[in-house]
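A single structure is presented below for examination.
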Amino acid sequence: MSDRASYELISVADVLLPIDPPQPRPAPRAAPVLAPRRLPAWGILFGPLVLVLVWEAASQTGLLSPRLLAAPSTAVTSGFAMLQAGTLQEHFLASAQRAWLGLGIGVAIGLVLALASGLTRLGEASIDGVVQVKRAIPTLALIPLAILWLGIGEVMKIALIATSVLVPVYINTHAALRGIDLRFVELARSVGLGRAEFLRRVALPGALPGFFTGLRLAVTACWTALVVLEQINTTEGIGYLMNRARDYGQTDVIVVGLAVYAVLGLASDMAVRALERRALSWRKALGA
Amino acid sequence: ADLPRRVPPGTRLVAADQNQALQTMMQASGEHGRLAATVNYANFLGGPAILEAFRAGALDLGIVGNTPPIQAHAAGERIPIIAARTSTEPDYKFAVRPGLTVATLKDFAGKRIAYAEGTGRQPFVLRALQLAGLTRRDVRLVPLRVSDFPDAVRGGQVDLAPLNEPHFSRYLAQWADRGASALPADQHADLPRRLSYLYASGRALDDSAKAAALRDFVIRWIAASRWSKARPEEWVQAYYVRLQNLRPEDGRAIEASEGEYRFPALSTLIAPHQSTIDLIHAAGDIPRRLDAREEFDLRFDAVIAEHAA
Amino acid sequence: MSPAVRIEALTRAFAGRVVLDGIDLAIQPGEFVALIGRSGCGKSTLLRAIAGLDDGVAGGGTVEAPRSKAILFQDSRLLPWERVLSNVTLGLAAADAEPRARRVLAAVGLEGREDAWPGTLSGGEQQRVALARALVREPALLLADEPFGALDALTRLRMHALLAALVARHRPTVLLVTHDVDEALTLADRILVMDQGRITRDLPIALPPPRRRSDAGFDALRGLLLNALGVPEHA
Amino acid sequence: MSDRASYELISVADVLLPIDPPQPRPAPRAAPVLAPRRLPAWGILFGPLVLVLVWEAASQTGLLSPRLLAAPSTAVTSGFAMLQAGTLQEHFLASAQRAWLGLGIGVAIGLVLALASGLTRLGEASIDGVVQVKRAIPTLALIPLAILWLGIGEVMKIALIATSVLVPVYINTHAALRGIDLRFVELARSVGLGRAEFLRRVALPGALPGFFTGLRLAVTACWTALVVLEQINTTEGIGYLMNRARDYGQTDVIVVGLAVYAVLGLASDMAVRALERRALSWRKALGA
Amino acid sequence: MSPAVRIEALTRAFAGRVVLDGIDLAIQPGEFVALIGRSGCGKSTLLRAIAGLDDGVAGGGTVEAPRSKAILFQDSRLLPWERVLSNVTLGLAAADAEPRARRVLAAVGLEGREDAWPGTLSGGEQQRVALARALVREPALLLADEPFGALDALTRLRMHALLAALVARHRPTVLLVTHDVDEALTLADRILVMDQGRITRDLPIALPPPRRRSDAGFDALRGLLLNALGVPEHA
């Protein structure tokens, strides 16, 4: 090993070419802002607000016939009337119970499945494909089977909500788990972490960003699933309300329903993101 | 006022079909080729989407059961009925869950009955209750999607479900061993008969070319319907077997369940239609009592009388 | 001649903890300044302030620095999804960016690794890629945060030589953070000692090149600096 | 500072002499295996396969009456008959055209929106909330509006597919963008990357893992959306087939439909993951 | 006494490139071995092989090493989502893990930073947390990959002293990768020089403690090692 002398020799001059007079550098432009400044949490309301204003304007000027789509202001009046009559609250609570119970169960199962499948070979072999198949099959096609096994009561509805909520949680958490930096796994091995501690200290926190993304998809999925499910053995719920309004073309009620969905969607997304910001406060990321 | 008769060349109609039944019947009977206007068919599954398509101006006419015109009316849309076809058979038959027997309509009391708001089965069930002298409070109406009725009744989730063919016959045949049964046929005698409406958008009816084309369509449709009854085997083959992939016996059962067709004058339908409206109104689904007369275009009675005789 | 870098009353604080505590500093164009100081005393914070990479950090003061600058971060900071060569040419607009990058990569001893993923390089190799990325730009101001920390003695000498050659050729202003007093003494025209957010020593180094440990004056300066760093009696 | 350098500049040694051909070594087993060993791509078929076998066994032993659910073997026979008759292909192609066109458009829009919203404040303010509202509203409730504006033709269907596919792509890409390590953004600034180059060299590759997760959700969403959409003005398509089979209680056709969904789901997921593995080959991650 | 670490005919190759080329090595219990060598010569690869962290890498040979070992990675490798203290106690089962960790953190000069996120630490601070994490475990074998690279002279001396104290107390076997020849000479009982995947020098260091640069023999060994590393005439 002593003949190190056989290395190639590169002279400094070769390296540092352009010998010719210094080239005119491209004019320095004002540095572009690559990371956007932080938007306040309510900032995302700007878009929806503009939308509602445009809609209202279109309704007022007659561009949009109220026969086709009620104006937001009409919907406010109708919504207020429904609130005063107490019907809106009833429908909302009926749906909320189903949606949130299904959400809780689905998120828990999705998380457990993702961990089992992400961290063990047998788990992946048995779980992953089944979840892929499940999510490829439309809920509408699963309803007959669900009725067969679980009847037409609340159990069936909550089960179906849970299975649809499970999918984004599973996929995102699983993908995030699979994306955990191998260096941290090595560290875990080198300090002799057991499986449970590895899960708690490395796998879960490492997969947390993915889990939250899945959760964001889940918190709205649990509500949208209700439109179909509340056609079955119910007389209460936002989904039921929407279906009946659609049957009889009650555009004002439809718009009230849309507003409920929109508010729910925005509120739950903002809630999850607030949670996420707190849980991931250690991150030094573009959007942090 | 009379309907215009001249159909200018280039007149077009778009017809809402359900399960391709209208289109197949028109074509298999050869009546489609005799139409004066160019007719395209848009196939749908389910009523609400048809109403929305009418609103969007995408349709000129459609074939539906007895409730969609009421829904359209309630929604403030003008889609008058331009022809009707009644049958001698009941619209649906009540299947009874395995292990239970229901001998008369009066026995409905206290039972769980599958119920689908916004569909033809709603007035059907409500009428049955009315005949039995019962109110909604004497039974449990279980809201379900129509497609879930067979599953619900065979799984015992409901005690009674109004089924159409082939589900009704198949239910009785396949679940006989578990004690599947039905409300006796004679108990169906006073229940609503099968009823199909052709209805057309007010805008098409205001357009003289389209109105004439619609008049022509009604004539051809009556002929095609007659053809299907005159050549049931050809109809079953063309539609149920070839197009819908059903076994011939299923197809025949469905065909038989339709009974004989009649094409009554629309004016004679106003009273029964009003009572259907009243049933639904009493159920609380429509905010105000609608006037059935507004849902018919009686100008078509002349052409119906001429061709239905 | 106006200075290349001018800093006045610069303060920076993290969560109330003052890290830069009123720094005044002027660096002349072409000057080679070494910055030494205890771990955590604020060297990287100062460099980041000069580089303009600390928006959002509390503090005040003025910083003037040329537009054209290159930064060698304390971590090598290679984009893991770009191969070595692309990491070096990143943001380089020149038409001959690629051949130039290849030459510089060869000079840092990484010929043949142009197509490797950064994740497959050894620690020292990654550091040399980062060095190549900074050198290939020929900036007016080079801010280097411990660029040689992970290198063995021989490779380190070679990198010193490469840097010296670049400096001789293009005469950039250089601010080099290092923990190696000998390195500072060999390379710099001027050495700053930092402590608790202040510059506590500002030492011009007048030794003639080539500088060697055995030179007269080298050892004396060495002792002085180690003393300034708090090393009791330099072992 | 003139000639401080007199050392040779050399390059690293070129070639090492190979001794024995190196062999892959089996992993020693003692400490708990924290990172599961790699499952071959077809490994995820294990779960679905077991499911089908259990189902078939239940059918054969009479536990599962064919009146309720056809056996997989029956479905194979029916499916084969439908293939021979050419109907299955026709339905498949009709759906595939809609699904994939919608997928392509939706993915493109989702990606662009995610970039606009993830990298600019104005973009986030205008786009993000609207997407949250959109995804909170069930497709079923959007159909009336879509029919109103886009009619009952293919345009409406493809637009609705695109908007539902857009959601997971947007959410995942946006979240991944927001999770890009700030150190890389600093690097980009320090080498003076312009916006376009920043996008190409840092933002896009950094968000790629999230984009792929979104894409995985999207490739099945485009098919499941069809069940509802193919109730409107269609006579062909897998969704139409399923709906009709339900109307007539054809359990064997329903199972054929389920099988088509399952195969599609597995195949598209595997395809996206293969693509992902290639695109992310630089990653040293737990699941790489 | 059987050796603490026994390596025979160890080979490792990446994509056909041989990185460890038939290494034979025995380290006695309690021995302090320093490993020096060119950047990219295979030092980290050897450490990872001893630590058993290289499944999937092609190669052969046998490695025997004690179960109880601690590894200091070349990057400090702190879990970004755990605070400093939790990073140190990671995987530590002892009942007094936390007070012990606090003491070690104080010893590396990070008292009061227990609750900081790793991402807010300076480079040298991060390295010291990693050092604390390794030292708090009191392992039978300590594998340290350039643990002092990012530290200033004074902090480095303090860390040397800390390590020496630990070694004196628990007598672990130590394998230390370093680029600093003086560091190796000050700390080690034996120095290995690696080159292109082979161990080319195996040098016992018999200097009595406390060792100083000014000692007789220190300079000679220094010259020998720099020569082995290829530094032409040690500057």
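Going by the order they are written in, the chains are A, B, C, D and E; count residues from 1 in each one.
We take it that a contact is a pair of C-beta atoms (placed from the backbone, for glycine too) under 8 Å apart; a residue touches a chain by one contact, two chains touch by 3 or more.
Fair warning: this is a prediction, and the values are worked out from it, not measured in the lab.
Shared contacts of chain B and chain D, meaning chains that touch the two of them, come down to A. Comparing the CA-atom centres of all chains against that of chain E, the greatest distance is found for B.
Taking the CA centroid of chain C as reference, the farthest chain centroid is that of B.
Chains A-D form the pair with the most C-beta pairs in contact.
Here the CA centre of chain B is 85 Å from the CA centre of chain E.
Taking each chain's centre as the mean of its C-alpha atoms, chain C lies 26 Å from chain E. With centres taken as mean Cα positions, chain D sits 15 Å from chain A. Computed centre separation for the pair chain A/chain C is 44 angstrom, with centres defined by C-alpha atoms.
Shown for chain A are the residues in touch with two or more other chains, namely 8, 10, 12, 15, 68, 144, 148, 183, 188-189, 192-193, 202, 246, 283-284. Residue positions 75, 106-107, 109, 111, 157, 161-162, 165, 186, 210 of chain C are each in touch with at least two other chains. In chain B, the residues that touch at least two other chains are 48, 55, 147.
The residues of chain E lying in touch with chain A in their complex are 51-53, 69-71, 73, 75, 77, 79-82, 86, 90-92, 117-119, 133, 137, 195-196, 198, 200, 230.
Contacts from chain B toward chain A in the complex involve residues 47-48, 51, 55, 71-72, 74-77, 117-118, 142-145, 147-148, 151-152, 155, 157-158, 285-286.
Here chain A touches chain E in the complex through residues 1, 4, 183-184, 186-193, 197, 201-202, 205-206, 208, 280-284, going by the rule given at the top.
By the touch criterion stated above, chain E contacts chain C in their complex at residues 14, 36-40, 44, 74-75, 109, 120-125, 128, 145-146, 149-157, 179, 181, 186, 210, 212-213, 226, 229-231, 235. Listing the residues of chain D that touch chain B in their complex gives 67, 87, 143-144, 147-149, 151-152, 231-235, 240, 243-244, 246-250, 253.
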